[in-house]
Amino acid sequence: MLNETLIPKLGVVTDIRIDTPDVKTFRVVGTDGKKLFEHIPGQCAMLSVPGVGEGMFSITSSPTNKEFMEFSIKKCGCLTSWLHMMDVGQQITVRGPYGNGFPVEDPEKLKGKDLLFIAGGIGLAPLRSVINYCRDKRENYGSIQIIYGSRSKDDLVDYQEILNEWLADDGITVNLTIDREQEGWDGHVGFVPNYVKELTPDISKTVLICGPPIMIKFTLAGLKELGFKETQVFTTMELRMKCAIGKCGRCNIGNKYVCKDGPVFRFDQLGELPNEY
Amino acid sequence: MQEAVISRAKELLADGTVNRVVGWKAGEFAYDTTPAVFTSAEELDAGFIYNDFCAPNLSKYIIKESRKEGKLLVFLKPCDSYSFNQLLKEHRILRENVYIIGVECTGKVDADTVKSKGIKGITGMESDGENVTVHTLYGDKTIPKSETLGDKCKTCKSKKHVIFDEMIGNDGEVNNDGARFEMVKKLEKMTSEERYEFWRGELSKCIRCNACRNVCPACSCENCVFDNPASGIQQRAATDSFEENMFHLIRAFHVAGRCTDCGECTRVCPQNIPLHLLNRKYIKDINEFYGEYQAGEDLDTRAPLNAYTFGDCEPNIVYKRGGKE
Amino acid sequence: MFRLPIEKLDDLFAAVAAAQTLYLPADGKDGRASYVKWEEGVKLSKALNTVRSAKDHFFPQTTNLCDFNMNGKNIEIIDNRQESENFVIFGVRACDARSFTILDKVFLAEPVDTYYATRREHGTVITLACTEPEENCFCSVFGIDAASPEGDAACHITEDALYINANTEKGEKFIESVKDMLTECGTEAVDAQKAQTAEIMKKLPFANVSTDYFRKNTLLDIFNSEHWKKLSEACLGCGTCTFVCPTCQCYDIKDFDTGHGIKRYRTWDSCMYSDFTKMAAANSRNSQVERFRQRFMHKLVYFPDNNNGEFGCVGCGRCLSRCPISMNIIKVIKTFGEE
């Protein structure tokens, strides 16, 4: 019988990392211990706990990781609360990969470019896959700068990875910021949009941005002030999804389905679509 | 009638008593009137209509409308005025923001009833109060208006307005002939097996479109239990007959004692399920167990199901009155 | 073209039903037509159309996608798809027949929806030409000829006979299976009926409604129009229009705990419902204006944009006769068209 994408595969949670008070990162493999499927950075998968729900999550590990996939998930609803209560060894269901992903291999778009990643809060999760992909294929990209901010030091997702790997990596620049002064933090304090303007990144860079809508709005305005064009800025979207294949009819922005035509959009594309997200 | 209604609406708009008018808008044909808000004399002239085809109950719209800026004018038919009063009693409407004109009603023509007589392709209808002339693609036909009424009007409970600031046309009388309970009595006389079969037959047609719930003035919850994922009964999946049966029964229970019998549920049901019979059964039971009560009739009487009195019937009275022990 | 004397119609149904399941429109107790499984005694309805559309046959209101058994930390996934049986739907009108090609564009696009595809493969669609279209019909606006319906085979019923002609291989096979009851004939009677219907079609109130506005204006201009607020004002937010619509195909996926396992269902959903796009954190269409706009933008702008200009409406008129407050796609098209 034909393969049916709506029927999921089984996954096993092999590791759970506590990132922040409300974000955990789950490592998932198939029941045979191998990676479930290959993906492009920025693509998503539908994770489900039968009887609880199914939801779309960004695959936050890099495709260059051949052993497993990771998902960084913030606790906010019914399904995510259940996922946060899981122990290692729990089976869940997985289907995917879905969506277009970032055009990492397109020389017109990302390949060979100087890249600027801007993230806020859990917004780092979808970008982490691209960042680590580019680090692993370092020769294919120009300079890499990451500007990342969160409410507090404790809310910085993947902080250990940032400290141990990214900050230790001479080939990339990492600028961290938190919203308010905090004991034990001697880094930058302030909101991401303002920090971006202070850092005055070179306007030849290609920007990948993800975070809360309000952060994206002000950051984009700031980037434009600095001289960036909409065609230089990519983002990744999230709307309610059920099928993940452009058929169930709810995640559309105009005539584009976020699950199928997105989740990655360039801002000039979004400009042609209704402001309904 | 229509001219009088429009000119009064224009006056009230012009003198600033109200800043908008809630009424009915003409459609493509005579029968497809749509509730609408009018804000100017031009808009009223362009589309306002009040005639024998204005069946939709406007009361529910006033929940939302009365919370907006400024005072509004609403036209209420007798049955709509009961719904309005009931909503007022439940503190769902801001009375001070509403100017009510009661409009005379002699029953509304129902397109489905006309179509059920084998009349096809209706492009227009006119009613002179006695007869309805139906223009169709296949010629004209005239039928007595009494034969064109929808379920809600066939056994009208009252032609009397229970609330209004002024009236246009004549106010009528309450109809106490009990004719509206005839079908309920027939159902009561059935054996439980027959009754079960009747309701299974009807309710199994349900497509869970929620038209009955969304049109119902008594269904004014901000968030319905059937839309609440945490309720466990939000499933849209007709996994068994539970949903289609229980949805309507739970809804009928929830509006029991508050349903004014406006009949909108049956009017809007795309599957033609006689939902009003469930509500009428509860109304009849309440009347028999606790004394005559008409929801929406006034603002003061406490609803029997909300008020405990020493005279309340005991369960054994239910059995004495025909229930099985 | 083949001919069957009208008095043999029930014999034809019996012969078809002997080989595979046959569905056709029949009148219910209340006189309204719906598709039922044919058995001895069931009469073909004379109604113009069914209240529910024919989409149920390929996209049922609920479909069991798969089942799960939960056992401690382990999950068992049960693929319970079965090859469905062959079936015939008889009496499908031209509008509903076209709706299948619209649904095909959604469900048969990659990745193929195998539930739909299997039903489509196993179903034979026998259409029936309209002879008495009604005031709410506007299929011709979308280039559909009510007198010459698509489908695997098309029928015309006159006073004394049924005429049938195959449009596809499946239709030929169908005719072959009942050939001993049919006689080959000319097209005169059918041509005469078509001409007569064409005359009526010209007189229909919506025969000249134009959809040009939606071709000539941009997506953003239409989306940002002032009209939506007024048009959606009275919308109750029920799902009647979407559930009676032959082309509405949005769905929800829900899990149902039976107490001894989880059943995962696909069910019809409606973009008119307030929880359609609701997420834990936000809702992209928070008000009824946005939800109402979505439904019509989808049919008149988004779907055509993604499907070579084909509109997502077949003009069956069901939403016109069933909307509780008589707001519908014709009023939307006309409001914009009059601009």
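Note that the chains are named A, B and C in the order they appear, and that numbering of residues resets to 1 at the start of each chain.
One rule holds in what follows: contacts are C-beta pairs under 8 Å (C-beta built on N, C-alpha and C of every residue); 3 or more make two chains touch, one makes a residue touch a chain.
These figures come from a predicted structure and were not determined experimentally.
Engineer: Based on the averaged CA atom positions, which chain is farthest from subunit A?
Structural biologist: Farthest by centroid: B.
Engineer: Name the chain with the Cα centroid closest to the overall protein Cα centroid.
Structural biologist: C
Engineer: Whole-Å distance, subunit B centre to subunit C centre, using C-alpha means?
Structural biologist: 31
Engineer: On a C-alpha centroid basis, what's the spacing between subunit A and subunit C, in Å?
Structural biologist: Using C-alpha averages as centres, the distance is 40 Å.
Engineer: Report the inter-chain centroid distance for subunit A and subunit B in whole angstrom, where each centroid is the mean of the CA atoms.
Structural biologist: About 51 Å separates the centre of subunit A from that of subunit B.
Engineer: Residues of subunit B touching 2+ other chains?
Structural biologist: Residue numbers touching two or more other chains: 229.
Engineer: Multi-chain contacts only, two chains or more: what residues does subunit C have there?
Structural biologist: As it turns out, subunit C has residues touching two or more other chains at 252, 269.
Engineer: Which subunit A residues sit where two or more other chains touch them?
Structural biologist: 78
Engineer: With touch defined as at the start, can you tell me which subunit A residues reach subunit C in the complex?
Structural biologist: Residue list for subunit A touching subunit C: 1-10, 50-54, 76-78, 80, 87, 89-93, 238-240, 242-243, 245-252, 254-255, 272-274, 276-277.
Engineer: Please give the residue numbers of subunit B that touch subunit C in the complex, ascending.
Structural biologist: It comes out as residues 27-29, 31-37, 56, 61, 111-112, 116, 120-123, 136-138, 201, 205, 207-211, 213-215, 227, 229, 235-239, 264, 267-268, 270-272.
Engineer: Can you check the complex and tell me which residues of subunit C touch subunit A?
Structural biologist: 65-66, 68, 70, 73-75, 77, 79, 81, 83, 106-107, 109, 111-115, 117, 219-220, 223-224, 249-253, 255, 257, 262, 264, 266, 269, 271, 276-281, 283-285, 290, 294, 297-298, 301-303, 305-306
Engineer: Residues of subunit C touching subunit B in their complex?
Structural biologist: Within the complex, subunit C touches subunit B at residues 28-32, 34, 48, 51-52, 61-62, 132-135, 200, 203-206, 230, 233-234, 236-240, 242-244, 252, 254, 256, 258, 263, 265, 267-270, 273-275, 320-322, 324-327, 330-331, 334.
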